[in-house]
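Same chain, two partners: chain A is paired with chain B first, then with chain C.
Here is the complex of A and B:
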């Protein structure tokens, strides 16, 4: 047995290994995430949460994704999950806000490649054309039959981040692999 | 006779390649680009099968999906019934049968892929004929995002190649436009894609046929794809369908629409007959006749009108003529593939003289029906046009434009519009609208596929039907695969004639999706097999799989039900697991339980209002069981609540109730009590939860968490403690769903497998046994703990469950409280949760069994037999050494000790009513 309590991956590391050229999915494991609720807007983590619906903003070590008028998903590469929660909770508690550790609630996937947008169009009903779903956009939508939070990371429609509920990650991986068979000639 | 009706110099099929196929057991050849229909006609085969009701020979009647009759059964490559021969593209090795009435679904699984794709465009153009091409090009040149859907394999629509556009051959024009569109990244041009449904707000569904025409399709490509297109503007450029004229025996093989014969010639190089009679009241048939003459046929035109139109050329035209009937007397050696085929027509000319004409093909043209289906789908109003003899769009619909022949524009120049110049066309002479020729009405077919005749319409009208919609339903006209594309308006016209009224007075035909038939497989898309519904798994799912778990579906979750050892069935495995838990220690993956983080100064206020019992009095560090009711006072969920801080709780819901309860709580917070300072968040997947259960659980927990004082006094029942393991925060709660000493270990699910293994390793000296949901169910049932949704059904109050103690009498209000004051809630005969012990100590009562009063003679009396209740849960108990059950029973708690009967498979099983708590009623095992 390992000396420390080890972390596990939600998905097998090779699940996306055989995707066709032009399509890649990277499993971004163990990103600390917290749900942030705040009615009176204030700067947290040196960042003012984005107020434009369906957008995300960069923080010094992660992202802050608009989920609702008083609700954001905050990610952090540098903090431990419980640290992120307590940092945020301290920052917003007095203002009637809330913060909760949801690091393991969702899995972060990075979908990229020239086929990325086409793949999404096989299961997502939104208009993801880069002129519409511009860089900095986010959406809470369905991909296949699971809910996801989708972020546009570039202006070419070739780089996305997908947050999926961990228990649905296996389904979504199966869906992506199945849908990508289309591009194998 | 020669079997080759292919004409040199015509058609765009690839004659360098030959494809072989069989039809009704005989082998034929064709070429890439052919349809089954064109290949059969090239081989002189007209007859496909026989009709569904009357058994009359039937063949090919058109060249595309408007064909009202030409259905086939494809056997290979994959069996599919009721396909139109005109719409199935030929590939090598196909096996096809004619249909005698109905087809046959495949008896083997369909391994092809189906999927869907979403599109968003500024302009969607449906139809790639001249009007559609011009519209798509214009939209693309405006810089718009454009989709162009074309149901045929190649663009051009009705253009035959003989026309001139912008001073060059029409095919060159088509090629130029499609090349321009192909070079524009903002344009999607989909051939073989039929828009079949048009819905509000510019939403169109289309079916693309992607692989059937390929001899060796890529394995991963979907066979069919449903395109879901959202467009700011929809341009309907779907053309028009030629309309026949009804006469006696008009259903024979060898009778085609005139433009279809022309299409067959130019598209496939097929001359559908050599001795041709054309029966027409419209100019378009002359262009067909002239082309067929040029290709080598002998043609006689029977013109309904008194004068031949300008484009008649030197065709042999008999004016004022009518086809009275047809005959089919073929020499015996010509009947293969041609049974019942036309051999002559009986004609009456303008002077009333009757005579016969021999022929091998009769072409009919009675004018054109604008293909306005997709306009009609979005309630685009259609009105009868007297001159056209058809319905056409009457008024505009916002966001929808109908162009070209679909709008009743029948000349090429009109379809192309002002930006493009059409070559000279003969001036159109007004057509004459003629629905039918006098004759034997029971042989005058209106809907050929349905075997519905003019006589049927007469019967409908005679029965008093006045609306064309009613006539359709009475006669079934327009309900076959073609949905009356060519003859729907004829039915209305004939009904109007019979009623002596105008077509417009019979009501307007409306169209509904789908425009052409769509297979359910295509609509299902990727959602079948493993992807039929998402499968949710916990962080330790792989361990369960590796250790032979048998899974059960709980909502979308896969939960380990039991872990059979070699040779064990479920019953044996569950008895073993139960014994291990009550005798030593077991471990369960309880991660699927719903978990809701409740934060904010008013958290306790919210929970007091939503639970029946008091939550505000719960101390930080403690746990309380709670029940939630709907506004009707019926139990909707139960679970435990952990108070994490003054302003923070963790609410645990049932696995199946997680999403519903979060929605329920959010609804109250957002709509009724927006002033409450409280926030809710799902943390179901955040926390892996592993109950470690049984008298030895304290040793296991103590060994794994050295920082935790597990002594009963320091860590009593219904409390929780935070600890840290290798730097990772862990929350342990003393909650028991079995009555045993138990600790629920909660950890960030990143660490779930590691934590699970630690617990197993520490438990190994004590024989720790992983157990599944079935054992969990038995253990909780032995203690009388209900499962909401199994032991309850939406009509059960907390009091019915014996949980009056969980209903606060102190709180001023909570959801459901008011309903408890209803007199019915105090009815002593309400069904209450009790235990049942079969007196034979061996019968396991089936769940759902009805309970009746004890029948003294052991025989169930004649119905009606009063029902006292039913069995809700039933198991074999290792602890009791016998089967037992929970049941909802009228006035049950007052009847403890009584014997009742439970009919099981024709026998009456006696069972004694007991308390619902059967194991450890005094709760002695709770603290170990």
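Here is the complex of A and C:
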């Protein structure tokens, strides 16, 4: 059997080293992601895919993000990409669903700190106040000039996860570093 | 810049959307029997009203779903958006 191909590092590991206090970005590499298409809703990975638009649900080792009325993005920290794909496929194939490994498509960034929401508001048109963009919310929208999937992880507006297309990750990293410059004392 | 109400995601900025031309154009029921003139009518000929116009839009920067909208071509005001397959709502400009 061929060796498993791993995605090479998309971003240099020190790209976020000089962010101001109150803001930190972690590059979450090796997160397996799979696209799930399913019309006949069923429980997958002990989780029912969220039907409410712009939300996500927690799975035992990752998240299930609403991307469309019959489309979800499933992430997993513990499983290998091919394992996640085959697990999902086994779970939904009887119902005519489909699962495809898309781990290399997006990079996961975790943005946290008291400045996180303020920083996002510089490039995102959505209202990200925790009373509106509550924990469990997600949004597919524009951040700067690129499209991202944005997840709210806490109820204080200080913890977000951003999925960005791998080929736009360099741009978004530059944008975050540039946008955070105004918070440097 | 204005907000467009995506039937799935809610109000989003106009830049997240793409235009898709006139809505409610049904594919011919018997395509093999169409003359060249009828094909040309189906493919190329579209209404161009001054006023209310039902159009297809795609939320390409978000959920990537196609939906329909009624827009006033004089003012560029979106009067209604609705999901594909739903009937066109009655709206007043």
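Brief remarks follow.
Convention: the second predicted complex is superposed on the first by the 178 of 185 C-alpha atoms of A that agree within 3 Å, B and C clash if a C-alpha of one lies under 4 Å from a C-alpha of the other, contacts with A are read in each partner's own complex, and residues count from 1 in each chain.
FYI, a residue touches a chain if its C-beta (ideal position, glycine included) is under 8 Å from a C-beta of that chain, and two chains touch if they have at least 3 such contacts.
Since the structure is predicted, the reported quantities are computational estimates derived from the model, not experimental observations.
In the superposition on chain A, A:103 contacts chain B only, with no contact to chain C. In the superposition on chain A, contact of A:139 is made with chain C only, not with chain B. By the touch criterion defined above, A:168 lies against chain B but remains apart from chain C after alignment on the C-alpha atoms of chain A. Residue contacts after overlaying the shared chain place A:67 against chain C, while chain B stays out of touching range. When chain B and chain C are set side by side, the one touching more residues of chain A is B. Judged by the touch definition given at the top, the superposed model places A:53 against chain C, while chain B stays out of reach.
Looking at the shared chain after the overlay, A:130 reaches neither chain B nor chain C. Overlap of the chain B and chain C contact sets on chain A: residues 125-126. Residue ranges of chain A in contact with chain C, taken from their complex: 53-54, 67-69, 125-126, 139-142, 147. By the touch criterion given at the top, residues 8-10, 12-13, 15-16, 61-65 of chain C touch chain A in their complex. Within the complex, the chain B residues that touch chain A are 113, 115-120, 145, 218-222, 228, 230, 526-527, 530-531, 533-539, 541, 557, 592, 597, 599-601, 647, 677, 679, 681-688, 725-729, 748-755, 757-758, 761.
Partner chain B is touched in their complex by these residues of chain A: 1-8, 10, 29-30, 35, 37, 81-82, 93, 96-106, 121-127, 129, 132, 144-146, 165-168, 170-171, 174-175, 178-185.
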